[in-house]
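Take a look at this one; I'll ask things after.
Labels run A, B, C and D following the written order; every chain starts at residue 1.
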Amino acid sequence: MTAVQLQAEILSVQRVGEYLQFTVVAPEIADGFQPGHFVAVAVGGAQSSMILRRAFALSGATPSDRFAGTVQFVVAAHGPGTQWLVGRTAGELLDIVGPLGNPFPTPSGATRAVLVGGGYGSAPLLPLAQVLLDNGSEVEFVLGAATAARLFGELAAKRMVGRVTVTTDDGSAGEKGLVTDVLPEAIERSSAEIVYACGPMAMLQAVGDIAGKHAIRAQVAVEESMACGIGVCMTCVLPVRAADGTSRFVRSCVDGPVFDALNVRWRDVGRLPGDLLGADAMGGH
Amino acid sequence: MATMSTRLATVTLPNPVLTASGCAAAGRELHQFFDVSQLGAVVTKSIMPRARSGRATPRMAETPSGMLNSIGLQGPGIESFIANDLAWLAEQGARAVVSIAGTHTDDYVLLARKLAGHPAVAMLEVNISCPNVESRGQVFACDAIASSRVIGAVRRAADPAQPVFAKLSPDVTDIVHIARACADAGADGFSLINTLLGIVIDTDTLAPALGGVSGGLSGPAIRPVAVRCVWQVHQAFPHLPILGMGGIRTGLDALQFILAGASAVSVGTAVFGDPSAPVRVLAELEAALDERGLASVRDAVGLAQRNQRARVSA
Amino acid sequence: MATMSTRLATVTLPNPVLTASGCAAAGRELHQFFDVSQLGAVVTKSIMPRARSGRATPRMAETPSGMLNSIGLQGPGIESFIANDLAWLAEQGARAVVSIAGTHTDDYVLLARKLAGHPAVAMLEVNISCPNVESRGQVFACDAIASSRVIGAVRRAADPAQPVFAKLSPDVTDIVHIARACADAGADGFSLINTLLGIVIDTDTLAPALGGVSGGLSGPAIRPVAVRCVWQVHQAFPHLPILGMGGIRTGLDALQFILAGASAVSVGTAVFGDPSAPVRVLAELEAALDERGLASVRDAVGLAQRNQRARVSA
Amino acid sequence: MTAVQLQAEILSVQRVGEYLQFTVVAPEIADGFQPGHFVAVAVGGAQSSMILRRAFALSGATPSDRFAGTVQFVVAAHGPGTQWLVGRTAGELLDIVGPLGNPFPTPSGATRAVLVGGGYGSAPLLPLAQVLLDNGSEVEFVLGAATAARLFGELAAKRMVGRVTVTTDDGSAGEKGLVTDVLPEAIERSSAEIVYACGPMAMLQAVGDIAGKHAIRAQVAVEESMACGIGVCMTCVLPVRAADGTSRFVRSCVDGPVFDALNVRWRDVGRLPGDLLGADAMGGH
């Protein structure tokens, strides 16, 4: 998939809980979209002091038809870049690069899957659910957030699949607790063959552990701080084990953001494990 | 239309806009946004003899009009680089400026030898902003003697047809002093500048934002420092070509470097914000030269220094 | 509410937010926006023995998240400064940190003597980023021996009740080396950092934008360099207080400097964009300490270094 | 006059030739306004890479009455800061500091004055004319610009005074030529006792020369590049002769921007004349 850079008109901005969902006109991105793809958006305008793009997972796409294709993403106001973004309105242009990253791998046939989203992490799982359903798969959702207002996609999920379990840290919606509290039951109940997840790193690691205990795979989309998003800067790396057993720092923007949880060395994120390929050459630096 | 070709020592490039080492990998990822053979050259990420993991994350922090990075020269090692990256660049018909790095003088010599005679290699850029293991980890580029030793050794080991550019650090008391040591050791030109050492403290974790504590500051924030370094070195060595870099985002930024004395420029950090920045800068530079009635890049090189001398003597 | 008072050597200030030399004149113009006695202190524009015209214009150029200035220390001379500016500050009940500058060691000594015993003078800040006429115009702060000579002479000449802070330049290979020379000569603390040397080329006139060709880069652009200098000097001399500055615009920026090792901060260039920046920064800093459960400024000084050591040893 | 900093709501933005005239709500500034005052406006928003304010002469003010006072200024799109400014619309807030600078000195009684404006330089002359007229003075205008579209205030001037002479470099409006071509005649015709001027430096110098030849004063408002606008940075200086004959670099923001043309050493602008106070101490720097 080739990425393009374009000036995308904002078609609409919708409030969803604490988030804003942007729909922008981006035919070249929409037409190649697969769930798991993300976009990188320039923030702050021409004279901005913020020189790096912000990454957002695509929560949906409408390919070109009679109208030019559009893509959707969900923004949580966090630091100055996303604060600028949530001040934009329909009709303005956004400078967008995409589609970026590798999509979620999906089986060619039917499967049984549990999709686990933390906060806005559910965004890429909604179109993924649709692809799986179209494949004839059975899908259930586990959605969690700190509070009810930070849940995303509960309604959309419920419209698509029979079972959506919600958890919140404070009990303001669904069960009080973490997604990982209810995940084992969801896996067992649905005899899941695979788990897909997107959310904070700690959640992904825990999801991976639970999947492992159930002897099934977990495909998880990580969120590492990215300078370029296109594979040229090496800022976004994670320690990942390859099939041959060698571990490397791999770029989460082009080799991810979706990884098999089994291969990510979660405990070594933020460290430099001595057995990593090339770690022995780091004496000097 | 201004003549865009430029000379870096014995090498002529079709135009003066290049990528910057570490900001374009080996060109492949940028090729989806534009044809990398359209650039003056692709400057590749500094390569070392063996594979290197690089440093622990977080490796970057955004700063006002800039960013801090601490990648730690992650890379595949020279063999894989030649087999994959350089081969790919050759296939595209792109020119490569290969940045080499090491922690011993021997590393640099080995790299220069391996790259000798390779048809895709237009030039070597010697990244001496690396800790010198032989000298308690002091950065080569901060010490005139260490710099001159590396540059001399590379110049002797390298293919005579490949110019050797010393890439200097701005974090020194007197950059002309370091440049002189490199020139005396046989440098064919200079790449100016590498990043400035900086630290960002994360006010949430109350600890440094980068895993490696300090990192290199790049981007528009450092542009005035970079232009000053180009000016000083061009003033001292008007006959040695300079590849200028540091915060170039537009054609007018590039023109500043050329007017100060650079014969070509590298577009680095700007690529992260705008993946097609190098070709856009090239087009804007060409238009800027035309608007100002400058017939060629060569006419513009160091022009601000000549204009300043005229102003003072007037 | 966090305890905001802070100590700079023997002096206790009610809070750690000051103005920066050359960015607040002597406080009078800012007084229309806020009461200058509310600040930790007013750091006055570097004063010299005699009246100075300063340099030809243009004296400034805006740069990305920063600016270049080449004022050339325009000022009225010490007599007029004491009679007018210092007297006015005393009337307001404000504390003054008086920045002194010279081109000979004798200049500094004379200034320190004149300021001895003055009740409004909390402290002396010795601006050694000046060309040393005795040494072919090399900047004092770029040479450890010249720096140590000036600081030693000032410490001996100054009122023992007035701490002497050496204000260092970041444009050196090893700022700790210069700091050590100053510490050995009796500096009671450090002001970090002065501006970075930069050049902007005007792409319309095709000549340098500043009348003086080069100028000093300040503002948020240089903040990571400044925080790095504070970190390095605090690491080397944990018991010597630091007045940190360079691009501070918000309370969180100030907190970065304090966490890196500064006991107080100066708000400089930010005043040009926001004349009430110093009092805003003070309020934001206080709120930031409270939010983080830090009981006092003193608890926060250097905390990021302690947290980093804990992280590495964990 | 004390300056204040405030968040001023934009009441309206009107196109006038190549310029935009802003009317903003700023009671504290409006109430103290005198012709010649300027304001300094922050540009680019919270995360702007442009850290310095932009200066604009006030072209008018309506003091607080039943409604909160407003001030007006005229913006020529030039570099990135003014380009950002001309993209603002009614209802947005501008961060403004003012009133700044010393106003034009006006005699207490009636006088005969010629007001010379170059481009947007006529902006502060319109309220000045009103003050002079209110004093019972006779006023005529000379307005010049490169082209017709760069003239400002011609209509307003014509509404106020009997005589308005217009020049343009290209002859697209009024007489082809410079304001200084027609100024001598205007001075003579009206037996002017004083000239007021605002516009490019070269024009101000020439106006000063002409006034001098007619043995009358010229009060001119200069436009020097300013970092702070409030007198603390010393970037905006001009070589000016004082009553005692000593020349100094004086700050055009707080000691100007209005100067008696006679006292400005026009030929030394951009130089460091050796006889300036303190020039002898510059050996080192």
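Note that in this section a contact is a pair of C-beta atoms (placed from the backbone, for glycine too) under 8 Å apart; a residue touches a chain by one contact, two chains touch by 3 or more.
Note that the coordinates shown come from a computational prediction; the quantities given were computed from them, not determined experimentally.
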A correct list of chains touching both chain A and chain B reads C, D
More Cb-Cb contact pairs, comparing C-D against B-D, go to C-D
CA centroids of chain B and chain C: separation to the nearest Å works out as 33
Separation of the C-alpha centres, chain A versus chain D, in whole Å, is 55
Whole-angstrom distance, CA centroid of chain C to CA centroid of chain D, is 35
Cα centre of chain B to Cα centre of chain D, whole Å, reads 46
Residues in chain D with touches to at least two other chains are numbered 49-50
Two or more other chains are touched by the chain B residues 64-66, 219-220
Contact graph of the chains (line, ring, star, complete, other): complete
Chain A contacts chain C in the complex at 49
Per the touch rule above, chain D residues touching chain C in the complex are 2-5, 42, 49-53, 95, 97, 224-225, 227-238, 248-249, 254, 269-272, 276-279, 281-285
Note: in the complex, chain B contacts chain C through residues 61, 63-66, 68, 142, 171-174, 196-201, 203, 205-208, 213-215, 217, 219-225, 227-228, 231, 247, 252, 255-256, 259-260, 288, 292, 303-304, 307-308, 311
Given the complex, residues on chain D that touch chain A span 44-50, 80-81, 84
Residue positions on chain C within touch of chain A in the complex are 64-65, 220
